[in-house]
Every structure is written in structure tokens, then in C-alpha cells.
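There's a structure below that I have some questions on.
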Amino acid sequence: MVEVHPREVLICTIARLLDGVRHVAVGASSPIPAAGAILLRALKEKAGAIGPRISILGSVDHNFFTNGSAELFDCAGQGRIDAFFLGGGQIDGFGNVNLVGAGDYPQSSVRWPGSFGSAYLYFVVPRVILFREEHTSRVFVEKVDFVSAPGISEDGVFRTGGPYALLTGKGLFRFDKSRPGFELESVHPGHDLAEIKAATGFRFAHGERPLQTKLPDRATLDLLRGRVLDELAGTYPEFAVQMQRELAQRGALVS
Amino acid sequence: MVLSELRAMAKHVEAGMRVALPVDYAGVSMAMTLPLIERGAGNLDLVCVPTGGLQVDQLVGAGLVRTVETSAVSLGEAGGAPRFNAAVKEGTIKLRDATCPAIHAGLMAAQKGSPFVPMRGLIGTDLLRHRDDWRVIDNPLADKGDPIVLIPAIKPDVTIFHAPMADRFGNVWIGRRRELAAMAYASITVLVTVERILEESLLNNEMSAAGVLPALYVTAVAHAPKGAWPYGLWGEYSTDTVEILRYAKAARTAEGFADYMAQMEPA
Amino acid sequence: MVLSELRAMAKHVEAGMRVALPVDYAGVSMAMTLPLIERGAGNLDLVCVPTGGLQVDQLVGAGLVRTVETSAVSLGEAGGAPRFNAAVKEGTIKLRDATCPAIHAGLMAAQKGSPFVPMRGLIGTDLLRHRDDWRVIDNPLADKGDPIVLIPAIKPDVTIFHAPMADRFGNVWIGRRRELAAMAYASITVLVTVERILEESLLNNEMSAAGVLPALYVTAVAHAPKGAWPYGLWGEYSTDTVEILRYAKAARTAEGFADYMAQMEPA
Amino acid sequence: MVEVHPREVLICTIARLLDGVRHVAVGASSPIPAAGAILLRALKEKAGAIGPRISILGSVDHNFFTNGSAELFDCAGQGRIDAFFLGGGQIDGFGNVNLVGAGDYPQSSVRWPGSFGSAYLYFVVPRVILFREEHTSRVFVEKVDFVSAPGISEDGVFRTGGPYALLTGKGLFRFDKSRPGFELESVHPGHDLAEIKAATGFRFAHGERPLQTKLPDRATLDLLRGRVLDELAGTYPEFAVQMQRELAQRGALVS
């Protein structure tokens, strides 16, 4: 059996979540989402199909914008961005995201950078993937202290986008707008439902015996460890080098 | 446009002014930070377009800032902005938390001479709840309901940024960083530092003209090689991450911040 | 982006579509006029950004146009637009008279994904009186009164223009004619003719990138040397005033127009 | 006495009307307003002062804009344009301007090109100079058939600009917002009050014996016929050549 690095599970899961999008935008410091997008494109191209357009903010190789930092948001408002990633200092069971701070606003006990474009993009990008590796009840709370961007909106509020899935270091959740809330879709290797329940501050739906997150096949791993990491190195050299080093330590590097 | 030098340019900034500053990667005039601190005009209302970093943290640390309107403040890979975060915790600065496109929208309203522009999103956020200057109305063009947020024009007194080049007529080459133009259009006074100053007009050929902020919008230009350091400048040089990490560590305390700033070479 | 040819590009235009066309001096794709007429998709709603000329007159003369939204239509030095003026007099086209900044405002609303943007001016004009899609409200951010006009988003189905160059990846160099970008941002389909197609990406260096409309917004590009003729193209060639005068004279009558168009070389 | 070409009277009058502006914008086909602006700049520079910035739409030498055709209007909206010129198929005594057509709208019996930017610029440019050489009761009507841009606005309507003066081939009027209406300030050489009254379809205020329009002195004429026409030739070659030819025919050309 091929040994798979935990981050490879995340990258391959992201590639699956992005399947079908025409244009995915990735934030400036998001090597794993970027790798997932690049992997999907490589897989599509290998299959003779057209892969997604990938815009990585702050990247030279993947910057198709020429109208300043407003263009990403304009582009999303025009319906030209199908998928985007959001993290969050806190995320709750309604998909609310807090990027501002913990405790009472404005004198937050812990202040995070701020909401960035989330308060807009969450409304207009159809497939927003919530991505946070740290899976603890500090991050996944019952109710966020500050709503940077709400997971759901009242009827009548213009909204063409919102949460699609939540990917963590322990598992993958889908967002069900109708309930609304998260449903555990799969658990990554090495983790289990009880552990996830203990580390999650909000209630979520789940099967009795959740599936394990699908692992990549050999061909996908080869593509990821070769071409994808090479392409990624143009924008995230340190991340690519670190991945290659860790893979080598595990004896998994495809040379 | 007046060809100037840094200390003279800083005199355009008066206490209580609203000052717009660009995002880390667009061209931050770090060269102006010490002259601004020397100048000492306080009670500034900063507008980060659309986020802030090192310069904002240093101006806050120097006690010059009253409010910060921003979509985020951080030192990127070097983590949170230490003096900004301390000031937030102590309540010594007023926050006007925003989201990137709302900052762009406010500048666009000013650019167009309009009192506001409408913006989708925002409804149901705590950003909106804490902004008494933003207003929700029902879209007058819709048949029913359809709430939408109006963002009032942002009209900075001063915009300060750094760019690769200007010509001696005051035309500044901003390339595809068009938020710098948006800031300038919206502002009364525009102060620019550049890596180099050209003899020939940048408007003389269509290729360079396409990336020009015309002198019409530029109050003063000063020559400041490596003027974005320790930030990088697109197409010119990379960010000095080691230096930013050094700052981040030093500025964890007020004393460390003071020591760091004291050993910076004055302009 | 698909590298295309003129007749194939014209197939993107369907009857009843809203088609945006640029002002005379910005880069009119005159090369597309005959293919559009050949294609014969009628009932077009033209949006002139912000004014129209020869191309609009010829499309009207060919009977393809249902409405014209514009701030003006003329042949410049060659006088009034003969087929447009005749159609106005006969009542065979519907007019949506506007003013330049209102056209820009409508495109900007679409660019921003907003349902409208507000605009100063206009109050007390007969333009406003005849536009049932424009709405006057009291500025919600003002204490009292302060009427202001809301311009709804203009979302063309198709934008068609001519530019000096594109690269083989579909990036189009529009230089400082940024209204072409505004049109593209707002439109579903964008058809571009160019003087030449480059091997190397225009985004590969910051100088040329500053004037680029990215391929992301471009549906198809076709090679059409002298594609703006008899209009000129900025930085490339001048307007052929003699030819436009010849057209103006010929097109005074419907027969003269038909004869003139018949002797034009098909693309 | 120096012979002065009628158009020189217009150009010199425009230079006087523009005195004090920092930035004047001139339409694409407006050689006389452009000449007036260039003359003012030359006079200022000769006197060691800073002349106005001149933006001539469609000109290469005098185009300072880099943001497409919207920039002129943005610039005006920002309060950066102090003076502009408007013509009009019809102009009435309240300063209303009609650039659309004569007769019933929309099936105008005579259709003019359209309103261009007038419906905005007239509101936001402080010193709008109405300029029309043809002075007939066909142009200067009691009431325009279509208001492209109104001369006055009701209280409470945002307005920082409006009509400042009306210059025709026969005379110069000032606009009095308080009345509101035009007042004849001066009559050009070769014309008189009775003729102007007969050619004007609206009522206007005037003194019993209106002044003659001030003629340029020799130094101003030299500047105009030399440097100003040379500069103008860059943008309006045909107009400059024609002026030079007519001046030569009158034996007035400064070589």
C-alpha cells in the first residue's frame, strides 16, 4: 500500500471538491487549496479535458488580474468565480465565520487580522470551501463571537454563494443549507468519529459509521508529487520544499 | 506636482487627517513612515486599502492613530500586527472593521463624485452591525424587499504610496496596481515615493501610458530607492521577510517597538 | 478564449441581444460590421459606450437594430449619422437617450455586481423624463431631500471592439482605453478583433500587463489588420476622413446606403 | 489700428473668461475654446505665472487621462475641472441646453447627435461657458424643445456648476443665477444691440448702450498668431491652417 501524507489527503480532497468549477480563486497564503486546484487541473489535462482557471492572489504565475485588488471582488460579483476558500479563527455549526477576534468586540481578547473579503465573497461565490487544518473546539465553536460572514441568510437577501463543505485535519463535512448545518461526510485516516465529536464545539449530522476519506490512487499521487509540487513551488517555494522533504523522509518521494 | 523630499512631503499631513495607505504588496511607502513619525501629526484616521500591515502597525505604535478603517491588519507570514493588536486590546484606537470590497466601494463613490455606492453581501454580518455609517435600504429598483447596503464615499485627505517610477512631470507609473489610482482619485493630497525619476514623459508612448497615474492627481513625488523596504515592490524586489520577522519579535512590547524604531536610520 | 475568424465570431450574436460598442476613437471593430450584417441577427439593442458613429449607423441602416442607448450618434466631422437620423425621424428605432457618465455608471454597476449605482446631475433633464428605467430617490445618507438618480446595471450580452494586439492566450492589450475593459467586465460574451497576435504572453512583463484585458473576460479574438478602418486606431493609424465623408454622402438615402455597403469588400 | 479677425475676438474673450481656472477641459471638436485656453496659458506663462492645465478630449498632446472615457466625468465629479464648454442646437433664456433635436421627441424633425456628457458636466463644472458662433433665433430660442441639461435647478438639488457666460458670434452674455437669465455684457465689433435682439429668441437684460467687446492688444495678438496657433496646430491642423490663411489674406499675419 502506498503511504499517503496527511496533507496529500487534504490536497486530493480539495481537488475532488473543486471538480466541475471553471474558475477557482485562492487566497495569498493558501498552499494546500492552491495545490488542490493545481492537482485538479493536472488531472483534467491528463484526461484530455480543460482544467479550471486558477487565480492565486499575490502570485505572479497565477495572477490574471490587471485592475488592482478590487478585481477579484468585481470578478466574483460578475459570477466569474465558482469556488473560493475561507478559513476562520472560529467557525460555527451554521457556517458562520469569524476572522476578527475572540471575546467582546471591539476590545477582543484575541484579535485576528480581520474579515478580508469574506463578508462579500461568501455571498457571491457558489462553492465556498471552509478549510482549517486545526480541528479543535477552540476553532469549531457553537456560536462565533463575531460574524465576519454568515453561513446562511434570510429569504429575500441576495445570495448566490455560500458554504459548500468544511475540510479539517480530521475530516470532511458537507454543508446542508436546508437544515441548515454540517454533515460529516468522511473521516481522514487515523481519526475517528468520537475524536471528531470531542474536537467540535457544534453539533453536526453524521452516519453511525462514517466513511473514511477517499485516498488518492497511485497515478494521482505521482502527479501530485511531481508536476503539481513543481508548479506549486513557483508560488509557495517553502511549502513545496517542506512537502518534498517530508515525503522523502517517509520514503515516498517519486523521483 | 512638486518634486520633493521625504521630510517636506510629511508636512502635508496634519493632525486629524484621514490617510489612505495601500495593501502590503501594492507599494507601501515605508520610506515615509519615519518622516511621518518625526512630523508627529497625530489623531490620524487611517484607511487601509483594503488591508494594512507594517506601516499601520508602526504608526499605531508611535501613537499617531485615532481610528483604523480596514479589512485586516497583519504582518503576513510574520503573524499578527503586534502594536495594532495591543492597541485593540487596550482600546486606544477605534476600529472601523470593513471588508475589502467595501473599502474599494467607498473609494469608487468618491472617484465618481457620488455620495455612496450600493454593495451586495454584508447583510447579517457583525461588520454591518458595528458600522453606523453604512446604511441598509430596500433596493428601489426591485419589486419588493431586496435589502442592500449603501457604502458612503471615502474621501481621504491624504494618500501615500510607493511606486517604481515617476517622470519629472509628476506622472507616476502604477502598472496594474490600479487601487493606487483609485486612492488618488478619491484624495485631496497624494504623496508618492518612487524608485527612480525619468526624464521623459511616461505619457509619451501608449505602452507606458497605460499604467500611469497622471500628474493631475499627484501632489508631490520624492525619490526613495528601496522605499518599500522591508516590503517588496512588484517587478522590482522581494519582501525582506527576515526583517519583518525581526520587527514582529521586537514589537511584541512597547519597549521593544521603541528600541526597534530608534535604531532605524532616519530618512 | 478561442482564436477565431470574423464570420465565426459573428455567430455569437443572436437576434434580440444587447450589444455594446465603443466610441469612435476607442477602437471600433469596423471589420465585424459586414460579418454582423451577413449574419443578420436583428432586433439588436445597441449600447454605445458612450457614443456611436459609423458602425451604429450601418447596423441601423441594415435594419438590425431595435433600440439605441447612447449619449450621441454622429459621424464627427462628416456630420450627422444619416441612417440613424432617418430611422429616428421615421420612428423605426427606439431611442434611449443617455449621457456619457450614465452609460459608464450602468456598466460600472454590472462590473461590481450591483443592481444600480447613483449618479449626480440629470435632475430636471428630459433625458431623465424619458427613461423609465432610471429612478430618482432621496439620498438615504442625507439628512433631508437631496434627490439623486439611480442608474441600473447595464449587462450587455455581447461586447465587440478592436484593439492593437492580443497574445495567443487571449489576453488583449487595450492600453489606456479602459472603457473597453469596463464593457468586457459587464458582458457575457466579448468579441475582439486585433491588428496582430503575439506569441509571448502580454502578462509576462509588468509594463505590457498594465494595459491588458485578461483572457478571462475574452470569448474570442480574430486577426483583422486595419480592422478599425475607416476609423483610426490609437497609436496605430489615423481616421480615413475622406472615406467617412464618402459614406456620409452616399448614405443620405437608403439606396445610396445599400449601394455603398454592396461595394464594400466582404471580410 | 490692428485688424482683428472675428475669431480672434472670440478666442481672446474665452481667454478672459477662463482667467483664474486651474484646469479647463475642452471637447473634441472645439478649436476656438481650445485656442482660448492655450492663449490664457501662454499669457500666464509670459507673465511668469502658472497657466491652467488644459485637457483636450481626443488630443494626443493634451490628453492627461489614462482611465478611458469615463475619467473626464470622474475628474469633474471630484471637483478637479473648473471650466468646460457647451454648445447646443438650442439654448434658451434660462440657460437650458438642447443637444438632442428640434420638434417632438423622440421623432425629432431635426435630430442632433445627442446630449454627450452635458447632463452631468453642467451640474458639476463651476464655470460652464456656453459657446455657439451662430447667433440666430433658431438657436437662441424662448424655450428649448428638449432639455439635455438645465441652466438652473431647484433648491436642494446637488449642483456645484452651471452656466457662467454665453459667447456667440455677435456678443458676450453673463448668466445671472439670481434672476435667472442672461445679461448682455458686450457686443462684438461690427454688431449692435438691435441686431442681437432681433437674432435672439429669448429676453435678456442689457444696458442702454452696451459696451463693445474688449479687443486684444498687439502683444496678445502676436502671441495668438504665433505660439498659440502653432500649439493648436498639433490638435487642430485644419483650423490652424485656415486661420493662418485668412489672417494672411487680411495682411495681418505675424511672420
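When the chains are written out, they are named A, B, C and D in that same order, and each has its own residue count from 1.
Everything that follows uses one rule, which is that contacts are C-beta pairs under 8 Å (C-beta built on N, C-alpha and C of every residue); 3 or more make two chains touch, one makes a residue touch a chain.
Note that the structure is a prediction, hence the values are computed from the model and not measured.
Of the two interfaces, B-D and A-B, the higher number of touching C-beta pairs belongs to A-B. Between the CA-based centres of chain B and chain D the separation comes to 40 Å, rounded to the whole angstrom. Spacing of chain C relative to chain D, judged by their CA centroids, is 29 angstrom.
Rounded to whole angstrom units, the spacing between the C-alpha centres of chain A and chain D is 61. Listed for chain B are residues 101, 108, 112-114, 119-120, 146, 148, 176, 181, 209-212, each touching two or more other chains. In chain D, the residues touching two or more other chains are 65-67, 77, 124. Taken pairwise by the contact criterion, the protein chains fit none of the simple patterns, being neither a path, a ring, a star nor fully connected. Listing the residues of chain C that touch chain D in their complex gives 23, 25-26, 49-51, 70-74, 76-77, 80-81, 84-85, 88-91, 94-95, 97-102, 104, 108, 119-128, 130, 145-148, 176-182. Residues 23, 53, 63-67, 74-80, 124 of chain A are the ones that touch chain C when the two sit in their complex. Contact residues on chain A toward chain B in their complex (touch as defined above): 28-29, 58, 65-70, 73-74, 77, 99-101, 105-109, 111-124, 146-150, 153-154, 156-158.
On chain C, the positions that touch chain B within their shared complex are 105, 108, 112-120, 135, 137, 139-142, 146, 148, 150, 152, 173-176, 205-212, 234-235.
Listed in rising order, the residues of chain B touching chain D in the complex are 110-114, 181, 185-186, 203, 209-217.
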